[in-house]
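The structure follows.
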Amino acid sequence: MLDFEKDLIELDKRIAELKQLSESGDADFGPEIENLAAKQRQLAKSVYSTLTPWQTVQVARHPERPVLREWIALLFSDFIELHGDRYFGDDAAIIGGFATLDKRRLMLIGHQKGKNVEENMERNFGMGRPEGYRKALRLMKLAEKFSLPVVCFIDTPGAYPGVDAEERGQAEAIAKNILEMTDLKTPILVLVTGEGGSGGALGIGVGDVILMLRNAIYSVISPEGCASILWRDGAKAADAAAALKVTATSLLELKIIDEIIAEPPGGAHRHYEATAEAMRPVLLKHLKRLTRIPASKLVTRRFEKYAKIGRSR
Amino acid sequence: MLDFEKDLIELDKRIAELKQLSESGDADFGPEIENLAAKQRQLAKSVYSTLTPWQTVQVARHPERPVLREWIALLFSDFIELHGDRYFGDDAAIIGGFATLDKRRLMLIGHQKGKNVEENMERNFGMGRPEGYRKALRLMKLAEKFSLPVVCFIDTPGAYPGVDAEERGQAEAIAKNILEMTDLKTPILVLVTGEGGSGGALGIGVGDVILMLRNAIYSVISPEGCASILWRDGAKAADAAAALKVTATSLLELKIIDEIIAEPPGGAHRHYEATAEAMRPVLLKHLKRLTRIPASKLVTRRFEKYAKIGRSR
Amino acid sequence: MGWFRKKKSASPDPATNQDVFVQCSQCNAHVFREEWEKQIKVCPRCNFHDRLSAQERLDLLIDSGTFQELGKDIKPGDPLSFSDARGSYAKKADEARSKTDMNEAVLAGHGRLSKLHTAIAIMDFRFLGGSLGGSTGEKILITTEYAASHKLPCIIVSASGGARMHEGIVSLMQMAKTCAGVARLRQRNLPLISVLTDPTTGGVSASYAMVGDFHIAEPGALIGFAGRRVIEQTIKQKLPDDFQTAEYLQQHGFVDRIVCRADMKSLLHRILVYCGFS
Amino acid sequence: MGWFRKKKSASPDPATNQDVFVQCSQCNAHVFREEWEKQIKVCPRCNFHDRLSAQERLDLLIDSGTFQELGKDIKPGDPLSFSDARGSYAKKADEARSKTDMNEAVLAGHGRLSKLHTAIAIMDFRFLGGSLGGSTGEKILITTEYAASHKLPCIIVSASGGARMHEGIVSLMQMAKTCAGVARLRQRNLPLISVLTDPTTGGVSASYAMVGDFHIAEPGALIGFAGRRVIEQTIKQKLPDDFQTAEYLQQHGFVDRIVCRADMKSLLHRILVYCGFS
């Protein structure tokens, strides 16, 4: 349980209890429920409007936060998952395939975290291996070939730091993807839904438009990792999170991202459908706009956009 | 020792003995040596002009026959070997890199057999794995990018039939190479120097011009394999070799290859330099001609050439 | 490349009424013949996908009455005038022709797949083990060429033991010839869907079957380059049961999807729609 | 991405005369300083390749007097106004500038390599561990852009611990920015030679350093994505000694050639000639 959510969870529980009592028919707690619900909404709003960067990190990593499979079920229709990199394997931590969003056909690619221990073992906690990045690239090239836009959902602690991943060229796989994405002749729309973990995120995260959910984060290094290096104390993660400017609001100010998609007060992990419905029009708006731009122009603009970042002259 | 070479080897030995005696200064055997040498040349000519297909197979596989490293030393200058497939590994059975033939710069790719047990263990007897075919493709794409012709030296019993090779997609790797070679926008010159073993050969063997050394072979299946399947008796390999038409002369008749490069009587395994010097002008002639043809025309002609093979209408 | 790999098909059950029952060769279940045909030769108990003839596959995939055959008269050549211990290749090919009522191991043409116009080539394993000869390659090529010139998607359903060794080097060169055809699809951004059925091995797996934009396999299909026995001789070990199955291939990254026969047509249709055809 | 990986350089030998001898940090050999410099900081006993400054590397590779620097005045920005427990990034950057007499971790420009005109960027590990900040990326980009617009080959010599975390996300985005530059070389068929020196890790290895047409490494150079310690924590095992060395990378297919420092210039020249430059 997250610290700052204690009171919210307490209210959730009491509302649930009263609802159960009402349903068992002993008495009608309708007004009390309505009253508590209003209180809960108020509290959620106040807690969630003042989250610190470190609290946001915790929300972004919340075990109940929707994962890619859930976003797919909520938002897309006719998903056809396509497996394999055609070189070595099929990574379960990065998945992709054809999908449809309100009649718009596209290639969907994203990190797949699990929701429990078993799933996370299978999905490697959403940490991709080279074969995952290479599969993603294969799907992007298919999208380019068949003139479909690419939509990437980012949610990873980072690329997998394991011996086998190094052996098979984790660095090369990510580098290649980044290179190809800067040069892909079809629109790329990126949405950071949870954790945007460094190179593991960017490996499927270069695009024409970068969106973020309000409580998602995006960072060059985990706050813990940064704290243990620069503060020599992993416990200073909150300081590092603030200094690194990992939240959507900071990243919008820095012009790294283009738009923030609001989450209902209480966060996406409490409001799956409402969050999805907030995402839908924003995704559609950008898809509509991007698919009207000629591919060569897209590539030029993408170059110019990235070329500007970090120019200190 | 090959059966039909017994007398030749006997003469070789006697000549060597006499030479040694001459050198030790006891007596001058000059005339005898010259006499024997003439006899040897005569015998070599008669034996080698009447080789059966099965005998040719044995010559093509002769353990003393020059391997790629030796051809490189004999023919090319400034070889820069380039390693690795950028996915998984560096196959020692298929090697390649930049090389120069009489001032003509090119990309050289070929199977590398060993000359002794250790070398053959290291080189896997010239049987490529997927990473070898993928390295070859990478080098071909580099050649295309920098407008260099590709020259492939074929000498393999076949692609490696091992579990790891299957796991990493032997079929896919060979198929991909064949596809890309039919579409490569630079000249491809192929020379079968020893064994042209089925898909393992074709995986780096699609080209604009296909040459063969006189005693090289090229076949869809090993004569032994064919015999054990169609004759139900591996010992009928000689029959299978004849039926399969694996020799350079047969393949020229079938219009599968474009030209035969003669080997001195006695074979390449007795005459490294003379064979290399016979190869050089033929390679140069075709390189000169091919590099004058525009790339798009090359690709169209390559298509037409292969499209015709096996057309029975 | 051993082109004649054997795997028993479901057979009439001798212990019971041969007209009424079929016995599944994988789980030995006795299945009503009527049910067996209704399930398109998929065992209702163990999901074993028995082999289909090219015509059966065509009926499964292409809208009734829309198929136009191409190269119907193309039949095997005999470039090497090949004979082995058991007779001539020409005779064998004639036998295969009369046995299957086909002229080659490929049924080629174009038609509608749920209304979408597509070029399609379907291999038939009964014809000399689906081996790849000069005319086999020719029929694959006329299919890709038809797709290329008419801007159609192309579907190739493979079922093959590999090269047709009776045609020697001509057989091997079909790998290049068919891939040259695939390259022309690629030049025009036309999709190739490769459907991998039991078995897809040797020279077919190492050419057009493995260079599709999409690789769709049937459950349990044997897919691989080298034959099991050759590999076992090489490594001197027994191979695991799932070696070279569709599932194994998917796990190793070479198959996009495995789909049950009953869902194949609809999956292909959905993919073609995503590729921009309507 | 830990950007400050430590590996001891050869040091003046305190046990002997510091002006006269250097001690190899790998084999502990005592080497005359004069000899050490003559061998371009390669140990004559164990072939250990000690790190070079960007200027030393430039002297090694580019013909004397032909180098034209680009972006000399570009110095680190401070997009996050970053401070940590030990002070501000701005101050750290200033210290690095005065220590190295460079404005950034990259020396960028163009010059002649054995008479061949080439664009070149050389990283200097002494400058904040060769970390990749916004201006570091900028200098890589002006190098690739110079090559692209002048139709020159491009050489990038990497030496970096990875991202510059003081610039947060701006550092991460340099991976995309530099690769976007590489894409423009590729569009023009211009070669990129990536020279991998000790160390090339993290964000640099996962961007421009690993997308060269040619990957040339120095012997023993550390090259990898994740840090050794992070991996050991993940797998709870000790790693083999050769893990992430240039030799290991070559064995796994990611390095074209490993070449001793003394032969580097001539190898680069030969490759450029093969790429059509003269």
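By written order: A, B, C and D. Residues from 1 in each chain.
Just so it is clear, contacts are C-beta pairs under 8 Å (C-beta built on N, C-alpha and C of every residue); 3 or more make two chains touch, one makes a residue touch a chain.
None of the values given here were measured: they were computed from a predicted structure.
> Among the chains, which one keeps its Cα centre farthest from the Cα centre of chain A?
Relative to chain A, the chain whose C-alpha centre sits farthest away is B.
> How far is the middle of chain C from the middle of chain D, if each middle is the mean of its Cα atoms, in Å?
Each chain reduced to its C-alpha mean, chain C and chain D end up 52 Å apart.
> Using CA atom averages as chain centres, what separation in Å is found between chain B and chain C?
Distance between chain centres: 33 Å.
> Mark out which residues of chain C touch at least two other chains, giving numbers and ranges.
Residues 252-254 of chain C touch two or more partner chains.
> At least two partner chains per residue is the criterion; list those residues in chain A.
Answer for chain A, listing residues that touch two or more other chains: 86-88, 168-169, 172.
> Between the chains shown, work out who touches whom and classify the graph as line, ring, star, complete or other.
Contact map by chain: other.
> So which chains actually touch one another? I want all the pairs, not just one.
A-B, A-C, A-D, B-C, B-D
> Would you tell me which residues of chain A are touching chain C in their complex?
Residues of chain A touching chain C: 78, 80-90, 98, 105, 131, 135, 142, 145-148.
> Can you list the residues on chain B that touch chain C in the complex?
159-163, 165-172, 174-176, 178-179, 181-183, 198-199, 202-203, 206, 218-221, 225-226, 229-233, 236, 239-240, 243-246, 251, 254, 256, 302-303, 306-307, 309-313
> Help me check something: in the complex, which residues belonging to chain C touch chain A?
189, 191, 213-215, 250-257, 267, 270-271, 273-276
> Would you pull the chain A residues touching chain B in the complex into a rising list?
Of all residues in chain A, those touching chain B are 86-88, 130, 134, 168-169, 172.
> Would you pull the chain D residues touching chain A in the complex into a rising list?
For this pair, the touching residues of chain D are 1-2, 4, 74-77, 79-80, 82-86, 133-135, 137-138, 141, 163, 165-177, 179-184, 186-187, 201-203, 205-211, 223-227, 230-231, 234-235, 239, 243-244, 252-254.
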